[in-house]
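Heads up, there are several structures right after this.
Next, two complexes with chain A in common: one pairs it with chain B, the other with chain C.
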Partner chain A sequence: MVNVTADSNKPQEKTVNMSPWAIARRKFFRNKLAMISSFFLLAIMIVSFLAPYITTQDISRVNIGQMSLEPGGEHILGTDKAGRDVFTRLLYGGRISLVVGISCTALVILFGTLVGSIAGYYGGNIDTMLMRFTDFVLTFPFLVFVIVLNTILFGIVDGLWVLIAAISLLSWGGVARIVRSKILAEKENEYILAAISIGCKPSAVIIKHLLPNVLSTIIVQATILFATLIVAESALGFLGIGVPQSIPSWGNMLTASQEADVLRNKPWIWMPPAIILTVTILSINFIGEGLKDALNPKSFR
Partner chain B sequence: MLKYTIRRILGMIPMLLLISIVVFLLAKAMPGDSLSGEIDPNNTDPEYIEDMRERLGYNDPLPVQYFNWISNFVQGDFGKSTRYKMPVSDLILEKLPNTVFLGVSSLLITYILAFSMGIIAGRKPYTIGDHIIGGLNYLGLAIPSFIAGVFAIYIFSFNLGWIPYSGSVDIRLTQGTFEYWMSRIHHVIMPAIVLGALSTASYTQFLRNDIIENSRKDFVRTARAKGTPTSKIYNVHILRNSIIPLVTFLGFDIATIISGAIITETIFTYPGIGQLFIDSVFNRDYPTLMAITMMLSVLTLAGNLVADILYGVVDPRIRLD
Partner chain C sequence: MSTTETKQAIRQDGKVVKDTLLDIRNLKTYYPVKGGFLKRTVGHVKAVDNISFEIKKGETLGLVGESGCGKSTTGRTILRLLKPTEGQIIFDGKDITNITGAELRKARRDFQMVFQDPYASLNPTQSVGSIISEPIRNFEKRNKEELKEEVLELLSRVGLPPEAYDKYGHEFSGGQRQRIGIARALALKPKLIIADEPVSALDVSVQSQVLNLLKELQGEFDLTYLFIAHDLSVVKHMSDRIGVMYLGNMVEIASNESLYAEPLHPYTQALISAIPEADPKKKKERIVLQGDVPSPQNPPTGCAFHTRCPMAKEECSKVKPVLKEVKPGHQVACILY
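For the complex of A and B:
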């Protein structure tokens, strides 16, 4: 066996000209708050998605013998008013909240980028029309229309997808606006003119040349959106309108706090989802700040 | 300025039409009779339903139905609530004062808190005070309002007993007396703070950054050089310039308050439009639901209009395009 020494062809470390992504990565890794938040978020995601392997308790079965047990013993965080284990529901709830958050963010970013880049690239009448439409969607009061859409679609499609569709349908406006303004500024550059003059198709110009240059903005937007949309989902769940009550989500678990008795005397039922939700939102925000800082070439930290 | 205002108002009309069409179509998509509420949902006799549908004009072509609905709506006839068996307009009028009171108190508290915190932080940036205010802001922006509300009730109502946890007034008091108004303020203060937390945080942040930026400008150096006291520089010269952009936020606040009120009123069981809205969802009271949807959409649009016009007032460059 030949043991090749890696030293000979090892790339020179700390090359003078690092790529922008390498610089951003280094800046992000040095940001302690953002790194701690990333690890925390990752841990939450892993634990939530592995929920079926971590606990064996049934999440939906009502157990009258074990109603409103205080934390301790067999149930680490106690049980709720229907005798279901709070810890288990917390894990499963995280799964739903994160799935809704991630899929809404993906849909919103996809659609917003599509509309924004087409409007920004073509300009003229197409731009005016698409942006008027975006303005129109943005004037809808978000919560009001999500609730109305949810009420109409409820029962026609599976509950979770109704929620994802309704939230995504009303949230893409902001992304479209930002992407458009970035594309407008970017397409004035000469490399775009060069790409067009050698005969690139518009789709190739947008995807291969324009989007990579506005990607940093989109990434930062996606992080902010992720936090906002998780909040939107849980707010709807809290109001009792979002995900069907039979499926636990962090928002659904908080609905219990609307009963004065639970709120006053049984804090172990509503405090865990409230705290975990707040900490998750905070950590996503910290990651967002870290990314913004790291991707901004003008910041030296 | 007048020309600009008129242009803005005219520009709003197509938006208003489009929104009303969307609300109308949504109402048609709702199960049952959600436009007028005249059909009794408990009577399932097909002959009765068909008779009522014919009488209410539901078999007319859609544009005719839309036109009838919108002309009724403009005249203040919002249909009849299927749950309370009374005109929706009366129902809304009954709850509206509470929501307006909540919104105005929330705005007042926002302005008072944001101004005092923003000025303190902006005047002495990068000190302990500034960092504490910065941290509070961060929490205000990150913590969802319903979690803040739930914790507020748990801590201030149940554990400390400072504030009531539900209602808008102590019902034993007679209307119009001094105690009555004190009780209303007592009931509204916590929901108003929770409702205004988000705007307070963003205002404070904005004001702080703007004050810091302005304090580096030439006119401040001139004022210092001619011996103007520091407090006067900050409170008069700088503040006046920093307030201008804040004015434009007022319009957007209307939209924030509308969406926020739905959540806040539910947490604090405060009887207002937001609670009526949520109740109507659960009671399948669709005429009420759609009337409130239409009303809130129009209000949001009006808020955007106010923001646009105020923008033109404070920044003359906007008026030109």
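For the complex of A and C:
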């Protein structure tokens, strides 16, 4: 809190015509930890999506002659028990983990916001119906549902999309509740009455007036969700029910550590995905934290 | 609705309305009170309980009463921001009590509102230009330059510099924000503006500026005001006629002069006796009301005011007085008259 007085002694910077968003952006850019995390995450994304240009190793070809090689030489991070290059699989795995994370987050936020804002704005019976449906979805057992969906849709739809659909369908409940509660509080403001009285349609009131004012909460929720969903994907991969084994993901690369021999004696097989996963999650959380500070009008930093 | 068929609306009691912009008949707005495990309605807060009045074109009707008496609810119900429980709202010869959806949205361009809290009534994520142009964009197709010109014209009309166009609400003071709110209400050139305590959140020094602005605009744009306030001096300054509300009921309506010179209802008398006198030598008797305002969920039987009335008689708790004209243009709801 000492910083606060020091900051207020600085000459006032020009704050002409700053929208609340511009102010938040500036606050975020000043947050070092969040900025470092953002660059790190960006780097991970770029490297993952450019994987085919960085490494030319085959991700799925089993090579009996090169099983469990230690790091060094041709294989920077060694090879796994099937003789596949760990570094290559790590890059391609990042692709899967990030794609699952991003698309699930997008779907979850979209659906959760839709349900939450409609329930919150209209209230009454619509609210009751939507929120009881939300409760119903929230009580679904996650693992069982994913396994069943995976089994039913196996072979019909690409495994990755089944996973994304299953995770998204089960995870929007929390967002819907948060958005609803925020909308409930926000719609008591007189500017919502003003919006109605100047002839805005209900959809315009929600999209133009309510959502921009709860967007900060939604953005922060999205970053937290992004981290959670990457972990969820990894957990499923670890258990062997996520993405098919032929496609590497950080989660199913960790499956190897289920063997005591690998866990104890061959750390190069499971450490890289574990470390990169942890650091990625950590950086996403720092970004979330930074966004929360930047978007909170009451924070000083 | 049979009332909307003819050009001149006919009230439920058969009278033809002339020169009346707004005619309120037996308006009731109840808020349901939910309780118990199943959230059933266990009672109603009678925020507006059977009030009737009319506003002529071009006049200002002031509405006074203490906090929680239903003034704001009355205003919001007239604008159909709340659903009336019963009664009729006839605006400019058209019954707007039960219209909904697109029809209601279309009707809204003729009646606008200036809100009480200048800090909560502007969307913090919108620029001033966007706030003021939004009502126009909702009703008409305009190109960008025309729209901006119109907004700048409105800004100058309410006494704000053109630079305000690109700024955001949080960069202005309370009085300036209220001017933005007034510009937004004016944007559609409405016939009626309901001002819901427009100056009660402002500094006294700014209050008079905003009040005078409202008065100037009334002449210029041919406006009719329903002016809601709890400050008697503000209402006196603004209004042609004044209605006094108590616990969801209209207890007295009279012209400005008549009400201040000769208040008839005991509640009005108590209110007016509470206005501080500028001359300290002038001694006047203050009527101090005993007790609190009863709960609007369970209002007293008979006259709602009898529990605090210094002149209450026995019948007061049995007979509910109706508003009747005791002098030309002076209506009061009290069994004493």
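Simple rule for what comes next: the second predicted complex is superposed on the first by the 285 of 301 C-alpha atoms of A that agree within 3 Å, B and C clash if a C-alpha of one lies under 4 Å from a C-alpha of the other, contacts with A are read in each partner's own complex, and residues count from 1 in each chain.
Here, a residue touches a chain if its C-beta (ideal position, glycine included) is under 8 Å from a C-beta of that chain, and two chains touch if they have at least 3 such contacts.
Quick caveat: nothing in here was measured; it's all calculated off a predicted structure.
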{"item": "Touched partner set for A:235, first chain B, second chain C, both or neither", "value": "first"}
{"item": "First, second, both or neither for A:44, with chain B first and chain C second", "value": "neither"}
{"item": "Partner chain(s) touched by A:267 [first = chain B, second = chain C, both, neither]", "value": "first"}
{"item": "Touching partner for A:100 - first (chain B), second (chain C), both, neither", "value": "neither"}
{"item": "First (chain B), second (chain C), both or neither touched by A:278", "value": "first"}
{"item": "Residues of chain A touched, compared between chain B and chain C (which is higher)", "value": "B"}
{"item": "Touched partner set for A:142, first chain B, second chain C, both or neither", "value": "first"}
{"item": "Of all residues in chain A, those that touch chain B in their complex", "value": "135-136, 139-145, 147-149, 151-152, 227, 231, 234-235, 238-241, 254, 257-258, 260, 263-264, 267, 270, 274, 277-278, 281-282, 285"}
{"item": "Sites on chain A touched by chain C in the complex", "value": "15, 17-21, 189-191, 193-201, 204, 209, 212-213"}
{"item": "Chain A-touching residues of chain C, taken from the complex the two chains share", "value": "76, 79, 81, 105-106, 108-109, 111-113, 115-117, 120-125, 127, 134-135, 138-139, 166-168, 170-171, 181, 184, 187-188"}
{"item": "Residue numbers on chain B that touch chain A, as the complex places them", "value": "15, 18-19, 22, 26, 29-30, 138, 141-147, 150-151, 153-154, 158, 165-166, 255, 258-259, 262-263, 266-267, 277-278, 281-282, 289-290, 292-293, 296-297, 300-301, 304"}
